[in-house]
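The two complexes that follow have chain A in common; it is paired with chain B in the first and with chain C in the second.
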Partner chain A sequence: MSVKVQPDIDFIKEMKEAGGDTLKKCFQCATCSVVCPLSSDQKPFPRQQMIFAQWGLKDRLLGDPNVLLCHQCGDCTAYCPRGARPGDVMGAIRAYAYRHYGWPSFLANLASKSQNLPILFGIPAAIICIMWLIAGGSHNIPNAKDFVDFGYSHFFGHWDFKFLTRNVLFIDLIMIPTASLSVFAVFKGVTGLWKKMTENAGIGAALYRPSPLQFVKEFLWPSVQEIVRHDRFKKCEANKDRVAGHQPLMWAFIGLFFVTGYSFISQDFIGILLPSLHGPMSMLNPVKIIANIAAIAMIYGVGVLWSNRSEMEESGQATSTFYDWFLIWMIMGVGVTGMGSELMRLIGIPSLGYVVYYLHLVSVMMLFLYMPYTKFAHLVYRTLAMTFERYRESAYVKNPLMG
Partner chain B sequence: MSNAAKTGAVLVVGGGISGLTAALEAAEVGKDVFLIERNPYFGGRVAQLNQYFPKLCPPSCGLEINFKRIKNNRRIRTYTMTTVKSVSGGPGNYEVTLETAPRYINSNCTACGDCAQACTDEIDNAFNFGMDKRKAIYLPHEMAFPRRYVLAKEACSAQCLEAVKAACKYNAIDTEMQAETVTLHVGSIVWATGWNPYDSSKLTNLKPESSSAIITNMMMERMAADNGPTGGKIVRPGDNKEIESIAFVQCAGSRDENHLEYCSYICCMATFKQMTYVRERYPNAKIYVFYIDLRTPGKYEHFREKLRTDANAQFIKGKVADIVAESDGSVTVIAENAVTGEKIRQKVDMCVLATGMQPALGEQGKALGLKMDGNGFVVSEPEKGMIAAGCARSAADVYTCAQSGTAAALKAIQTA
Partner chain C sequence: MSKVYGAYLCTGCGIGNVLDADGLKDAASETGIKMQEHDCLCGAEGLALINKDIAEKGVNTLVICACSPRVMQDVFSFGENTITIRGNLREQVAWAAGDAEKGDEFIQELGEDYVRMAVTRAQKSELPKPYLLENISKKILVMGGGIAGLTAATEAAKAGYEVTLVEKTAKLGGKALGWRKMFPTAYPYCQLEQPNIEQLVAAATSNSKITIKTETEVARIGGAPGAFKVSFKVAGSKSEWDAPAKVAVDEQEKIDKGEKEDPNAGLQVYTAVDPAADIYGAVVLATGWRPADVSEYEHLGYGKVKNVVTNAEFEKIAKTGKVPAKVAFIQSPGGKDHDRDFPYCNSVTSMVALKQAQYVCDDNENGQAYILYQHIRTPGNTELFYKGMQQRDGVFMTKAAVTKIEEGGAGLKVTAENTLLGDTLELEVDMVVLAAGMVPTTADAPTVNLAYRQGPAFLDLNLFDGYADSHFICFPYETRRTGVYTCGGVRKAETMEETIDDATGAALKAIQCIESANRGVAVHPRSGDMTFPDFFFQRCTQCKRCTEECPFGAIDDDAKGTPLPNPTRCRRCGTCMGACPERIIGFADYNIDMIGSMVKSINVPDDDEDKLRIAVFVCENDAYPALDMAGMRRNKLNTLVRFIPVRCLGSVNMVWIKDAMSSGMDGVLLLGCRHGENYQCHFVKGSEIASKRMANIGETLGTLGLEPERCAAEQVAISDYDKIPGIIESFVESIKEMGPNPFKGF
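Entry: the complex of A and B
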């Protein structure tokens, strides 16, 4: 089979900037593919991805599920005889892919560079600040007694309209468009990636296509189960400690997703019928208990990942990149400001509490807004790649009679 | 040479093919030469080979004539079991302290072998990389030069020592022998300290200790040699199974910054050569060679082309990065075939790790004031009269080592 090679020099340069600067050292011995605990016998990685990246074969890599199936255990990097650091290169390719599939592209580009950090922080900071000023600004800072009663539920002020509180309205005005943009960007990215993966795998028009239900049941759901169990993570040798951080963090997100969903429904819908649901929850409310446990799990989990990554970088097992750190910082920001504002409320310091709560809203908005373009995107893209891997091997694609 | 400050003598450290050559070349143009060797015999690694490429000569071919030249040359003084302890002074007049370990056998020895017959204790045979045992009093190998026994005194019981002494008709055994220190004055020093096979136990992913079916290429040399542990049979250590399939694992520790950063130069040719050993004994055995690149420089390409036509040999581009010991005594080697892009799991009766050359001098060189490169090879400083030869200088094959020995002699006589 002849391959027309169209190298993309800019791609190679970008790889080098994004932590893949060791890429060109690879001499294709394929040690990495064998020591990789996650690579399969039929489609091993990352040896092939290394040569594609060296040659600038961007299109091959953008539609390659293996790039996303890599969990950066670091076994390849540990055994690499040339110091080519395949684990870091794979990470750099993923960062490039998230950007490539990111929509709108200016936001994707913005979220990929550390020098944009002031803007990345500034956008949500400005939006929330402006909304707060519109809502009445410093008039809304309560006295100590009101702070005990209302907590942050009067952050954006208060009115007597009982069906929807003023606070919820403002939060909705900020977060619903943000989340919608994010969801739409993910949708664009996911469909783009799926198309590219099927194209590259040479999967033409299928004779039989799975129904959405079959698709979820046979491909997506088993992948989700595998992710929850952390099966692949646990196979890592060189860097096995990450599971201890990633797993609590994942459960924290599942917990907080549930809590956020509950709050949204209770405040925006059920609250219309039962206005008593408005205002801070009792600490003994089961949902609040879940929220607190999840918050602790979040800080603990991301803390483990933080120290783990620092150690890896110190010992030379990983390269320090903005791509990796930005997500850790954002999550740590959400966790610490969340717990911090709760503590301020319990201690009863309204002014400082309001500042911390403001930062909490900013960090949550950052997480929502940049999710599709930063490392956080692995949440959807890696899940999709795992789903595709199952689909690729299924009878929908491979004619079982033809072998 | 009219400079009175110069001693006119050359010290050659290491009595392998490079050191022998350097010593002879310097002596044959009229210099006094001291030739020292750490082992109890001369000949170095070449003496351990079955054959050396490209002509596939036995080692006796090259070594015997050199030994004869040394015996006939009164300008060369030889010391075995001797190492350098310190070097002081400067070019033209170095003061070198040597230490000779006790051999416990004096020059009365005729190598009759009566002592070994009487000896009751055994030790691992280091000459055969521990693949068999030998008596604690032994001739290092069949064509050892000097032809004199060695006693491993610390391995012997008092009874055994009495027995060997009683057996010797020539009063050649002296168990009270002590280490001796000698001081020399020489004008220049040739460092021909050679190499050790890279320690395969460091290749943790290949788990060489997990199965006796995993051997090194130097063990293969000993096995194929008539005077080796199996008398020239290539069989699986442990159960002596005849070989139906064999895998060669190239770059086992070489070209790897976690082990030896450099290419050891000889391992590809060694593997091609060892393919001929296998083929002579097993015309139908399957041979698998796993490689990153097949490096057969210069004329060696012809040798490669010849072996590449072997219908029962497969060459797979991809480094073996995992070996699994099987319950039937065989092993499965695992690599990614970089041409097809699929992993290959090949079960074989035996697996040969083509381990590379590690400079034997190592850290000691720095302590002696030598200039070393980052990999432990000696960098020549001819103006100082410090010259590296053979594998102390860089990984090399036998004929390059001989050339390098001659070149070193030419430089050494100018400072001496």
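Entry: the complex of A and C
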């Protein structure tokens, strides 16, 4: 394939600012590709991505699944003889890609810089605060007895219409639009990335397109299984401990996704028929048990990743970037405020409990809202890249008769 | 000098353990010299024994049979008026004896033969008298007024020598005048520097010891080190004193018959002496280089496609103005056929591309410099310059096979395959710069213009693409013309910094040569050797072999062909001595009679088929030390061979082979340096000439009914100490198979 070279010098400058300041040091010895446990002869990453970045070939990188397949273990950075830190450069490229595919772009740009942190926090904080004030504000703070009975289910006040509580309505008003925006943004991003990847891989109109079912069964589902097993993660050498953090964290998210889904259905749908489902769950309720285990796993997992990253940065194996830390902070925020508000409820301190719960709502909203643009986006983009990797090698793309 | 002999045997270092001292003493006595024994000759007591003899008996010719002549040279040195001959009983007998014990007759006979040979050598050696020129000039001629010439002139002047600097053009400074910037020379090696050529010119012009002749050329250089006779002329003009071209015998015949034009018509013959010539002691050749022609690479479009320029042309653009914003630098012309860089590039063109890439970035806000290479060569500290350039946003590098350059779009389109990006690249650029190499001036013309029998140019081995050669490993500044030292671009494509080092080295070499000539001693590799070839002209048949074969062009001749030796040009290898069929050439301490007598002093038993005798002539430069090293490592050497050190295999006269065979020896082996490509011969041609002569003598043996294989030549390197015993062993085995010399005993 022949490529017209149009280096984007601004892109190079941006890469350098976003943690890839060492990228020009690479002299293409390919030590990184050799030590990388995920790289293969056909996909010599990150060596090739390094020269693409050096040459400012933005288009190549934005549609390059290999950039997303990297698990950022740091093996390449540890062995690089020139200190070019390929791991950091790959991270910087991913950060750039998430921003590039992010919609709407002002939100994507906002979520990419540490100096925007007050706004990033301020938007959900203000929205929830305003909603809380609309809902009645300080009138809603319960006395100690009510706090034991109702927990946070009267955070936005209550009314006597028992089939859809006021609390559930307000939370829905906040979170459903947030989640919808996020889902739409992800959809935009995913389709954009898929288009770019097929374009760059030179895949024209496929002879036979897989049906959605085939697509899920043959490409998506095996990728998900692989992700759950952490197969690729486990190959990393320089930072073996990351699996110990990432795996519990992933299970925590799966658990909490289930719990949230259960709550959504039980509150918003079944609760309309069975009002008794409203209010705090018993601590012995299996769902509650799952929620508590998942919360602990989340704090533990993100804690491991936190300390890991600190160590890597101290030992010079990784560069400190907002992109990496923002996600860790958000998850830690969600976990700590969630557990905190539960503890406050059990201890019975309503005022402090309400403050912590408020922060919990803010951090959850941040996680939803910024998911498509921050490092959290790897959840979908890496899954998509792994799926694409399978698709690219399949008979749908490679004409089996032509070899 | 009337000789008073003293012979001494050391039995230390294990010699006494394998050899019977009395037998060795008897061997010396046979020749009329009494040998004394001591168990540690190099100790205070042993030396006192020798010194006592010198003081009391007036001993002036010493035979010391002990360790190798390569060791303890300062200990066994008894002043300039004594001759000291060493017999090697330690490294090549005692230490090479394996587990043989005292009483082993093979070992004993070996030791006795070495004693006989040492004594014979002492008897045939004379104290050398140095060759001294009547009038010696210590002035140095520097040809070329660029960085190299200016530096050489200034350095030689600083050392106190008068210098004449000759420059063809009207202005000093050479190519460096056209450079916009020069490479970094100091840590951190990232910033280009202002060229320092003006300071160099100022330093040379202000030095009262330096005479500068601009717009001047050297017509011819006759004479020899210490007394080169140099004729100057106005640059570009013709002169009757221009150096004549070499005319071979068959060409001369055609010229005489009028079938060919005489290239030397109107010129003085090479032996004529220009009365107006200036006299110089030595010459530094710093005539530099020219940019290579790159039009042969059609796919690169030079000369056809607009804005495809060479690096030299690009430098001119950069010197006078602003360079374009998008420039591709092509380092290797081979396309997909090969990955070689442009010829004559060395590491300089890589550095130039990096430098010029910086111009592109400096002159243009969004400058883009693409460096397409097969190799980036940035040796030593210049690696830091490479790293620095790599950091710049506007510099793009990839290994690539550039397959096409054509006009396209607004400028040029460069197609490059097999890139590190994994794809074929198409670059749109404003200009393409080809990394043309630096062709030495000696590739185009003789340049040095010597009035020598072997021609006006340096001899060319056709190994170094027109660069002057001497010995590429050991003597990088030398040429095969003693007293002429090259530096700068004429010697090697090199950077300004390297050139300055190089020129300093050449200036010091020139001084060394002058001072050696002044003392009547040889320059490398036999530095300090006071002997020189002496000709017995009454018997010369004017066969011209010596004049032809001398690797250093030391011997001119007159119209009849009688040799005219130039001892200060000579390196004392003895190739002339080896060549002479009349055996009229010899040195005070190394001649036909001496080695012949040594060969004949070897005792050849004619009644014992097990006791074969094989003479091995060993080159002193690499083979002999390798043999010593074999002994030091206690590698067993075959006891049937007798080693005879020679200055160079080129000095081996075939009469010695005949002497050996006619005295009943069973085979002759020559051990010398590698020749041909990757040659290691210290005298460049000696071992090659010797192997040709050996092939010829093999044929002669054949006519006598002897197997030609009884004479062989082997090439060894100094590091082959572990292989040498095996090489000798297999030669001895092949002789054993042939059986004893049938003429034994006649």
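In this section, the second predicted complex is superposed on the first by the 401 of 403 C-alpha atoms of A that agree within 3 Å, B and C clash if a C-alpha of one lies under 4 Å from a C-alpha of the other, contacts with A are read in each partner's own complex, and residues count from 1 in each chain.
What we mean here is this: contacts are C-beta pairs under 8 Å (C-beta built on N, C-alpha and C of every residue); 3 or more make two chains touch, one makes a residue touch a chain.
All values derive from a computational prediction rather than experimental measurement.
Three-chain overlay on chain A, with chain B and chain C in a clash.
After overlaying the two complexes on the shared chain, residue contacts for A:144 are found with neither chain B nor chain C. Once the two complexes are laid over each other on the shared chain, residue contacts for A:35 go to chain B alone; chain C is not touched. Using the contact criterion defined above for the overlaid structures, shared-chain residue A:213 touches neither chain B nor chain C, since it reaches no partner. By the touch criterion defined above, A:48 reaches both chain B and chain C.
Of the two partner chains placed around the shared chain by superposition, chain B and chain C are both touched by A:27.
In the superposition on chain A, contact of A:79 is made with chain B only, not with chain C. When the two structures are aligned on the shared chain, A:284 is found in touch with neither chain B nor chain C.
Once both structures are placed on chain A, chain A residues 27-28, 44, 47-48, 82 are touched by chain B and, in the other complex, by chain C.
Of all the residues in chain A, the ones that touch chain C in their complex are 1-5, 7, 9, 12-13, 16, 24-25, 27-28, 44, 47-48, 51-52, 54-55, 57, 82. Listed in rising order, the residues of chain A touching chain B in the complex are 27-35, 39-44, 47-48, 79, 81-83. Taken in their complex, chain B has these residues touching chain A: 205, 251, 255-259, 292-293, 318-322, 334-338, 341-343, 345. Contact residues of chain C toward chain A in the complex are 366, 368, 370, 387, 390-394, 396-399, 415, 420-428.
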